[in-house]
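Below: a set of structures, written as structure tokens.
In the two assemblies presented below, chain A is common to both, partnered first by chain B and then by chain C.
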Partner chain A sequence: MRVAPKEVETFRDDFTYSNSPEAIKRFPFPFPEDEYRYSVNMEPHTPKGGEGSAYEHFLDIDEHYLSEMAERKLVLDEMPHRCLAMEHMELACWDMLERLMTSLAQDYSDYFKLTIEGDQWTWENKLLNIHDTFTFGDSSTLPQSPLEYIGCQVQGDFALLDQRDGDLFLDAGMITCPADWSLAFDAGMSFKEWHGPVPMAHNEGIFERALKYLTAMQVGSPIRRLNWTLTVNARMDTSPETYHEWGHERTSVTPENVGEKVYLRVEMQVMDRMPRSNALMFIIRTYLISLEDLATNPEWARRMHRTMKTLPAPLIEYKGLSRYHSMVVDYLAQFDPAN
Partner chain B sequence: MSNQIKVEVASICQVAPTIREFTLEAIDDALYPFSPGAHVVVEMPNKKKVYKNAYSLLSDPTDTQRYRIAVRLQDASRGGSIYMHEQVKVGDQLLISPPSNLFSPLWHAKKHVMLAGGVGVTPFMSYIPEMIRRDADFELHYMYRSLQTGAYKHELSEQLGDKYFDYDSDRQTRCDVTALLSQQPLGTHIYICGPDSLIQAVEEAAQTLGLPASVIHSEEFAAPKPGMPFVAEIKSTGQQVDVSAEDSLLEALEASDISIPNLCRGGVCGQCVCTVVEGEIDHRDQYLSDEEKAAGNTIMPCVSRAAGERLVLDI
Partner chain C sequence: MELESLSVVVSKPMYTAEISDGPCAYSLFICEQLNTAFSDLYEASLADKKDLIHSADLARIEGDLAALLANAPAATRVYLLGTEKYIWLVGQQLKALGVTEEQMEMLPPLSAERSVFCCHCYQVTDQVFTAPARCVGCGKLLAVTDHFAKAHGAYFGYQVNAEDATDIPASVELS
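Coming up: the complex of A and B.
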């Protein structure tokens, strides 16, 4: 079954965010094997898992829709620069708006409706009570910039990468729930520059191969990969800009509370070529699940234990897990009889 | 490729003595909008073998009803351009790839100078509507031989006015590339589409004037030209693949069920690069740098061939 959006829960302060049993069942679990292995793990972004799966549609709208849109608004009200688009990315922003609106209207027709008459577009979002008519390509006819307008109606962070000289540049985006990186800091950087801090992968030629693959991506053939880290509390906005609010929470993990306090944070990253601008759209759709909820699936708990146990030290450090990684391994050991 | 698009040839017209324009219309869904400078790979279902050539889209990028391409009859054609000129009729169906772009304008440039040679004017036909929409500063310098090429020169001249410059070498007017480049303000990007000789002349002039290579952009799809037959040996299996005079190495490998990732099939995109462990290479692509070509251990099998009788590929 499909999960319908439920009422607003919080990703800060009192952290009322929770996963229903259905949401747990459809969680995109990221570890394909028992031992940790570094890989780019890209695959075509085509439907899998059947009705209700997180992979059913191009965009996944789930029970957390209203909560995530409310959280995004809080972030942007406080820090408007978390959404930015360089001047030459205007057309790419319209590309993104078109791609998101057409796929939402097609896949979730109960919630979203798009009517196109020439360049006059009418957009209806029943979940957020939005109903607007605008001229496609003319930003002055929208209440916000096209990137902010559509970005505030879809779960996930968005980056638009300009392609030139055989490289990709991070020239536009809306990033309100990052796993410890800053759009304002990375803006304008090339593919290798913004991946600079990633350990281990540079010597293996992974970035050269990934860049070659991404720059050759064609219209109509999106791809996806899963990325993961751990987050203390169900906090969406773990950005460097707000580090003072969440960094210290890593010291609050104890052997007693690790199951409820530590969350597996999974990013479903989707890359899609934009037809009008030749930009690459990069969607980072974040899912959070507490270890306690994850352990309701014994196979996930066992596999996660083996993966955490074999995680190389540089990655423990890079992902910011040093202070509580051993507590996570100890907690998960109880679900792995062969440990 | 499963993502190919089926189109119908809606009209054909002769736009220069050796150039025909084809209008392709969608059969099932609307076509994708595309970005200026994009191309499609057209599959030609010839009886003996299937040709696949890349052609720039020259229609307005916002038109999702039809694409237009222009094909020049090549002197040394192996059959692709002859097929398009002689076999393809109005009402025929063709398969094309989705649009790809290896020659996009750099929108942060202060000024854009386009240099077109003959049928190389085609990608600029899709640049111009978007440049006008964005109110960009640009010039088109169009070099052709009116006895053979020169498609669209009247409409371009009329549309662009003082942004348009033409040079007809059949009437002894030539472009002084060095003088042209030396007049450009700082922040100008130069785009060249045309024969290799034009690209080289511009690159040399740029180097002499001290312009950085990063402001010079070029694209030339080399439809694979025939050569001498040779044998390609696959190192991992020892398999011997005969490459005839008319086939490209990529086509011969595909005919032997050895699939190599590829996109443009014209020596530009770099996807099909293979490692060579033995044998001399006749490089014919735009992708590898001069240093890589001189090193002699990589080949673009879509257009390049063996210089001798045998190549050993590390695949």
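Coming up: the complex of A and C.
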């Protein structure tokens, strides 16, 4: 790890979250071209960007690790339903636990250690002071369900998709930092159903192609894509469940504070086939960067301006940007010489 | 692209009054309220074996279904009539017993009423005809979307004025 976890910062109330210069440099900037357009934009989840890049390892553990784990605990203490697994997903949960533990132990050996002796597994997480021995496959030997146990030790949200009848079903997950969707409501839905509210893409056949691709995925060939939205304040938990608590923040943006108050929110979505259950693990790893931090990179600022300027109206509405989108465009214009 | 086609939420179920009534080994008719058309459909069915359940009591239906479908043949069709929530919740019970959605014929719901799931308190408010609608659980005024969850038999609802307390849209009739 090149960026060591720093002390706990907050994603609510006083919002002490911040990015170091190194974290800004490695931010997964999501716009590949100047004009915004929809695309499936999937690629193999293989290392790129070299040492210290957000793409260096299967899982990215960065300086916000402790903060995100503390935030997740706050969410789950208040709303335990944000983590759920249907009965038939038990095996998939163990698949996920294995995949995450083995990759953490391999890629971040300073922090994580896994010892396997038959079905007796010993797991050590030095960052969170966890040291447990359990029987693989036997949930009664863990302090929590396997999904919650490992999910609370890795940055990002997790969904486990059951594959049957050529479709994917949202049958398990731990969703504490979603970009405005509810696991409790969407649980059990098919791929197209849970993407129901997404505008435009259905007409363009994007979900048919994506589903075809995903259901054909093989073990050992994970893929990734980037998705994005904007968030007011560094709030991780922009869930519908708490929308009545954060919705009003969308009216707090002004031309004076837009640079520090509005964050580009990027999801690095990783999909990986599970070997025993044939489920798809879907990791949604969220990164937040304020516009003023983003603008320290002139190329990003220029490109983001052009992307925001050409964003179609249905997407502005769907992403919840209507109240402040024009202020974002105006703010970014100063970094675009074409203006 | 037309704006109208952009706003279609694909999770919103579509219903057709055209009922496929091909030959099958077993036909099961389930309704919340029995009307003449459904009764005629039952009478006219040429299935080798047929049953009719007329009940609004989901717990009772669950018990009946387990017994009726225990030895049901593969060529089984189930016809459902009721409110939208009713047909989907019975549909969930049927799925748990191995009946696929393709084997179900869901008739257009008896009224335009919706059930609405409140994303804040997870309570479902029934008999919603207009939006925004008051949540029976937490009392919030909810926007009613077209995003539908079969498992809840309900549409997604969220506080309509969370961003600006004074910004409450005029009431509209749902369809």
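One rule holds in what follows: the second predicted complex is superposed on the first by the 338 of 339 C-alpha atoms of A that agree within 3 Å, B and C clash if a C-alpha of one lies under 4 Å from a C-alpha of the other, contacts with A are read in each partner's own complex, and residues count from 1 in each chain.
Note that a contact is a pair of C-beta atoms (placed from the backbone, for glycine too) under 8 Å apart; a residue touches a chain by one contact, two chains touch by 3 or more.
Keep in mind the model is a prediction, meaning the values are calculated, not measured.
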item: First (chain B), second (chain C), both or neither touched by A:K73; value: neither
item: Partner, of chain C and chain B, that touches more residues belonging to chain A; value: C
item: Which superposed partner A:R209 touches (first chain B, second chain C, both, neither); value: neither
item: Chain B versus chain C as contact partner of A:Y243, first or second or both or neither; value: second
item: Which of chain B and chain C A:Q163 touches, first, second, both or neither; value: first
item: Which of chain B and chain C A:K48 touches, first, second, both or neither; value: neither
item: First (chain B), second (chain C), both or neither touched by A:H131; value: neither
item: First (chain B), second (chain C), both or neither touched by A:V219; value: first
item: First, second, both or neither for A:H81, with chain B first and chain C second; value: second
item: Which of chain B and chain C A:P199 touches, first, second, both or neither; value: second
item: Touching both chain B and chain C, residues of chain A; value: none
item: Complex interface listing, chain A residues touching chain B; value: 87-88, 163-165, 212, 216, 218-221, 275-278
item: Chain A residues within the chain C interface of the complex; value: 81, 182, 184-189, 192-197, 199-200, 202-203, 240-244, 247-248, 250-251, 314, 323
item: Residue ranges of chain C in contact with chain A within the complex; value: 1, 3, 5-12, 117, 119-120, 122, 140, 145-152, 156, 158-159, 162-165
item: Touching residues (chain side chain B, partner chain A) in the complex; value: 3, 32-35, 38, 61-62, 97-101, 104, 106-108, 214, 263, 269-271
